[in-house]
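Structure first, commentary second.
The chains carry the letters A, B, C, D and E, assigned in the order they are written, with residues numbered from 1 in each.
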Amino acid sequence: MSPGNPTPGKKTGLPPGSLVFVGTPSNNPIEISIIQYNEQECKEFVLHEVSEIKNYVCSTHNTWININGVYDVSIVEEIGNTFQLDPLSLEDIVNTQTRPKLDEYEDYIFCVLKDLYVEDERIMKEQLSFVLKDRLLLTFQEEKGDVFDNVRNRIRTASTKIRARGTDYLMYALIDAIVDNYFVITDWFDKELDLLEEELYKITTKTQLANIQQTHATFNAMRRAVIPAREVIFSFYKSENSLIKKKTHLFIRDLMDHIIHITESIEQAREKSNGLMNIYISGTNQNMNNIMKTLTIVSTIFMALSLIAGIYGMNFKNMPELEWQYGYFAVLGLMGLVSLGLLLFFHKKKWL
Amino acid sequence: MSPGNPTPGKKTGLPPGSLVFVGTPSNNPIEISIIQYNEQECKEFVLHEVSEIKNYVCSTHNTWININGVYDVSIVEEIGNTFQLDPLSLEDIVNTQTRPKLDEYEDYIFCVLKDLYVEDERIMKEQLSFVLKDRLLLTFQEEKGDVFDNVRNRIRTASTKIRARGTDYLMYALIDAIVDNYFVITDWFDKELDLLEEELYKITTKTQLANIQQTHATFNAMRRAVIPAREVIFSFYKSENSLIKKKTHLFIRDLMDHIIHITESIEQAREKSNGLMNIYISGTNQNMNNIMKTLTIVSTIFMALSLIAGIYGMNFKNMPELEWQYGYFAVLGLMGLVSLGLLLFFHKKKWL
Amino acid sequence: MSPGNPTPGKKTGLPPGSLVFVGTPSNNPIEISIIQYNEQECKEFVLHEVSEIKNYVCSTHNTWININGVYDVSIVEEIGNTFQLDPLSLEDIVNTQTRPKLDEYEDYIFCVLKDLYVEDERIMKEQLSFVLKDRLLLTFQEEKGDVFDNVRNRIRTASTKIRARGTDYLMYALIDAIVDNYFVITDWFDKELDLLEEELYKITTKTQLANIQQTHATFNAMRRAVIPAREVIFSFYKSENSLIKKKTHLFIRDLMDHIIHITESIEQAREKSNGLMNIYISGTNQNMNNIMKTLTIVSTIFMALSLIAGIYGMNFKNMPELEWQYGYFAVLGLMGLVSLGLLLFFHKKKWL
Amino acid sequence: MSPGNPTPGKKTGLPPGSLVFVGTPSNNPIEISIIQYNEQECKEFVLHEVSEIKNYVCSTHNTWININGVYDVSIVEEIGNTFQLDPLSLEDIVNTQTRPKLDEYEDYIFCVLKDLYVEDERIMKEQLSFVLKDRLLLTFQEEKGDVFDNVRNRIRTASTKIRARGTDYLMYALIDAIVDNYFVITDWFDKELDLLEEELYKITTKTQLANIQQTHATFNAMRRAVIPAREVIFSFYKSENSLIKKKTHLFIRDLMDHIIHITESIEQAREKSNGLMNIYISGTNQNMNNIMKTLTIVSTIFMALSLIAGIYGMNFKNMPELEWQYGYFAVLGLMGLVSLGLLLFFHKKKWL
Amino acid sequence: MSPGNPTPGKKTGLPPGSLVFVGTPSNNPIEISIIQYNEQECKEFVLHEVSEIKNYVCSTHNTWININGVYDVSIVEEIGNTFQLDPLSLEDIVNTQTRPKLDEYEDYIFCVLKDLYVEDERIMKEQLSFVLKDRLLLTFQEEKGDVFDNVRNRIRTASTKIRARGTDYLMYALIDAIVDNYFVITDWFDKELDLLEEELYKITTKTQLANIQQTHATFNAMRRAVIPAREVIFSFYKSENSLIKKKTHLFIRDLMDHIIHITESIEQAREKSNGLMNIYISGTNQNMNNIMKTLTIVSTIFMALSLIAGIYGMNFKNMPELEWQYGYFAVLGLMGLVSLGLLLFFHKKKWL
């Protein structure tokens, strides 16, 4: 479980295939859960010893081995040895900064994807790796998550489609669950954008500016997970590997439609989020206009009144008004009238 | 009938092929209307029981079954069973957020498009799904609309081209009717843009800013329907499926020209709509200039007059003007002249 | 002859292939002129009856039939019947909003292009349609224009290249004449842009803003005609249709160079025209700066003088200057010096 | 030698292949120089009669015929007849607005490029045309230039690589010399941009704005010459024409690297030049800020002092300060202190 | 070791294949170090005479010859002669401005890349050239650097993967080390951007503007090294040259993932760096707003107080307040109250 901001994506200076965990370390014990199923039955196991794993491969059932937590490099290495996985695959599994990818090896398909979810108003990423072999699927989660729970329940239910099909369909179903989450995320992000836009129509302060920048960062984190996922699903669809049965292709085509739908939403979100800056700048301009109007109104009124006062402060010998009994009060009244007149004038000009 | 703004495009956590209606629910009964026609005759039926549908398939006539309303999932499912449609197709039919697509299955072509129309100054979308089989066309409408009425009338008319041709031509004709609507919509939008632009030359307030943003949203809703439609029509044209006769290809090529024409209009609309923000910002700048000019003019005049008053408010012993009989009135006159002179000056500088 | 702004590009609700004139109607009689030529001779005819047209098809000469005016749908229809043209082609001929295109039919090539010319400082479009058959070329003009006159004269001249070649070369020559006009238009537009830019350096008012928007519209009208023309000429070049002789290909390659040259000019014009908005905004900013400078200078001077006047308006018992014989005049002199000093100061700061 | 700004790129209304000179006319006599060389020897000739040219074609030597000046159409025509060149090639040679191109004819390769050089701080273009035949290379220069001098010297030197190879290598070497010049130009332009940027940090006046626009124009002139040159060199590389020997391909690949390097520099220059407008606008904003700060400081100080003066100008009976012996001087001192205090305050706020 | 800014990329006017050093000259002696290794053993040598080099080629070991420093053209030439390298390759080796490339020659693969590192807050580039022959790898460094040290240590260690594989794997490992450095650089740059952004939220002066421009320049230097590197690695991967063993391909695929990851980071950095200008401009706008608010507040208060003073400076005969014993002090008190009231008012309006 790593936050959505980029961190160094690789440990440098090591030979390729070196197993070094890159990510947030954890002390929780790694959990290995196994589901074995075919059309007739479905058995579940939880392992405590990684060495037992090899006893669970069988040719009559589909076996799904899920490893929660990849921070213990030695366990991942032992699993790699058991199933003859290439060190390059293992390196990608334990590096939680791996870019989503689908690599075909001689006897297995290796795939990395990112699950997205929202925590404390931030988008979080979790890396998920898949190893598809004949009748066997290994999945590696960064930490125990719940993205696969729906699929697990469908397997447990007798006579569902998933029970009747192979591990290629299982892998499809799990990726479909991840892509479903992307829909949730893009909807959430869209609503965040709408909220921010509404706010921007009201106030434009430096906080809002920072919020806009934060939005761009969130958008990029999302985009970095989803865009490569499209390529992965496209490779999955195009693959002519015999591990993927022809019947499953139809479902992967459907999945492609979904991921394209999502990438379109993301492009739309980008334009929306670019528009925010325009609203912000327009807002500050509008503020400036209002300040200047205030200044102009205040200046005009006070200057007019001061001029009147100034005139009657002149020292001419012959100034008839000065001699009037109520001259002073008349002038105060005149000042009131002038203020009122100017206020009415600016009101009419829609400046007030 | 859903408004043009995006809503969650998928229900999450369900197995693929699950039939769940996504859209605005309705209590109206679903209407099924059937037209059977060939060159000689044309018969019409309205069904009240979905189970009767299977009696209307025949090999001597072309059969067009139109289902108004897709909110009753059970009816769609029964139709799917009757015509052996893939659950994935049915899922797309009842999800009114499906992205326009054209999928070829073993014995039918499945296609989803969006009809656009304007209601209360907003662009509304209605999803339309097509299933093309040999001599049979199924169409699903989100709600009872009238986009197909023209085609219906042409079928009713004897010896029209449409009567002499197959259901592939019928499907072409219906899509052509939808694309015709796109022309109406882009023209409407173009006029809206022109109106907004004209307005922006006159006033620039926060309302206008919100209108510009609203326009962008409308544009995106439109674009989301039309751009994938281009791909759909292109796939329709490229398809080598035997369900589409060679003669019909010429017409689909014509249809492609139309959809390209529309997408070009949309791109042009995008540039126009992007230009609006520039006009808005220029407008607020211009406003600021005017405010500042007002302030400068007012300040200059009042300060000049106040200075004069101030001078004659000085307490020097020897100030000859103060002794003059009409000094006071002369100064008032001087003030009048100065004001006039400054006004003329600013008028000449084109500030007034 | 329709102005360059877009109007609804299609009449909706009609079956495809319906002949409905879309454009500016006219009452002028349609003119049909025929030129028959081969290397030896060149004959010209003007028809008054569309039915006579069929008598002029011959296999020993190249025949060019030019129809001026397409607003009389019945005439176009009769010509279509005479030469067995597809209704879809006829529909495009009478719709003056058709997008430039090149369609190959079984026994003819159909092509639509736009001629551009300037009238009253606006770009006008005229639609031109071509039907190329063996030894026969039909051309349809929206109204009687003169774009083809040069080619006509070359045919009349004995022993020109055009006399020795087929109708495919004639079609090339006519398209070349249209593309030559595009050069004229892009040069005209370039000069308009330069004029506007020069103006913008001097004044920036709302009129200029409207002019910039008008320029964008003109640009789009031009682009809508030229960009598809490039595709048309490219299809013309790529075409392996036997109607286009190999020798003509070399010329069409040359034509392609020209149209690419033009599209590059258009892209350059786009950047230039986008730059105008920047100049405009910079101009208003500069104006603002000048206004603010004026305000600052005026305020500074008047406030300084008023302060002096204020000081000598104080009522202290002991203010020696007030008693001086020429105190008043000294202060007036001081005010003059202060004004001069400030003016010099602002002049030195380059504010004046 | 034509300046870098675009002028009408074609004379309109003439049949294709018409030889009309487009460019800056000149009265200098056209110069024809010939170099004949092989590994053993190198002979040079200068012709005064174009008719003699045919005597210099030989099969034992490589012959390079360079024509300086293309404004005399009749001479170009005679050369065209002598070497059987297509009229379309000749038309391109005498039109100095031809877009860079590489056309393959049956027995020769025709190529047009632009040489760029700087004169009076402006980029100038000179058109260069190449006709490559077996053992023969014709080059046409707009006017006598010196871009080929280096290559000429290499030929004169015995036992250089160029002496041992054919005219295809010679053509490569000449194009390489042109591309070398592009490096000089892009470096020059880059320095101009840096100078302008530095200037913009200091002053932002309308002159600078015009300079930025001028820079865009220069950039476009440069780009119009170089981008098509990349296509030309790419066609040169891809060409499977037997006139280009396999050994020369390696060198053309090297040339391609260079032209790609240059186009990258140009793209970078574009971004830099786009950034200038941002600096300019930021500069005017900064100016405005400074003006407003000045106004605020001046206003604050004068208003404060005027208020003091105003207070002691009040006519209350009982104002003890007025009676003080040195009240007046105390107030003048107070005014000084207030001014100083405010100046210190604004200095601390970094406004001064 | 050349700084990241572009300098003339080519010496002009020389024949292709001329060996001229382009870069920063140096007087350090060139160092040649040799590592010979196979699975059994690993021997290291340091040469002082370039002529000895030929003694170290052997068919039982892999030989890696590393040349530190390329400023001595004669040494590079001698090495070129010893190993029969094409003059074009040698020209690229000694020109430190060569664009990253991968060229396949008949019996060797030639590759140029840039190593990036940070020195004094600037990105520095060092050019590295590779010549891959069977069992032999030549590497040329611009100056002695340490980018290859990790690989050197891995070779020294017995039974590492690198010892068991050929020079193609060695070349892969070295390029991998370079790409690892790119990760370090992009992370560094990302942090620089974040720092600058944070700063921009606080102050916006001309220094910041220059910093933003400096950032663009740094970005471009980085991009110019990395983007072509992607092409190089892609060519490396696609190459079907027998020098690259099949087993190594899997590793190069992994390398491609890394370089794509980096180019994505760079694109993200570009958007971030473009966003900075927006923040800067918003900042100056905000500053202006604050200045104007200050001016408005100051003006309002002083004008109000001056008006009061002005009123009691009028010379009316009958002004009762003037006669009050404590009138003067009452007015001073009034002034204090008005100031306080206005400050409270502006505080409530959030202007203070």
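We take it that a contact is a pair of C-beta atoms (placed from the backbone, for glycine too) under 8 Å apart; a residue touches a chain by one contact, two chains touch by 3 or more.
Keep in mind the model is a prediction, meaning the values are calculated, not measured.
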Labels of chains that are neighbours to chain D and to chain E: none
Homomeric contact chain B-chain C: same or different residue positions, threshold half: different
Chain A and chain B, separation of their C-alpha mean positions in angstrom: 28
Centroid spacing, where centroids are CA-atom means, of chain B and chain D in whole angstrom: 45
Touching two or more other chains - residues of chain C: 281, 285, 288, 292, 295, 299, 303, 306, 310, 313-315, 319
List of chain E residues in touch with chain A within their complex: 150, 154, 160-162, 173, 176-177, 180-181, 183-184, 187, 190, 197, 201, 250-251, 253-255, 257-258, 260-261, 264-265, 268, 271-272, 275, 278-279, 281-282, 285-286, 288-289, 292-293, 295-296, 299-300, 303-304, 306-307, 310-311, 313-319
Interfacial residue positions of chain A with respect to chain E in the complex: 6, 8-10, 12-17, 86, 88, 98-99, 101, 103, 206, 209-210, 213, 216, 220, 224, 277, 280-281, 284-285, 287-288, 291-292, 294-295, 298-299, 302-303, 305-306, 309-310, 312-315, 319, 321-328, 331-332
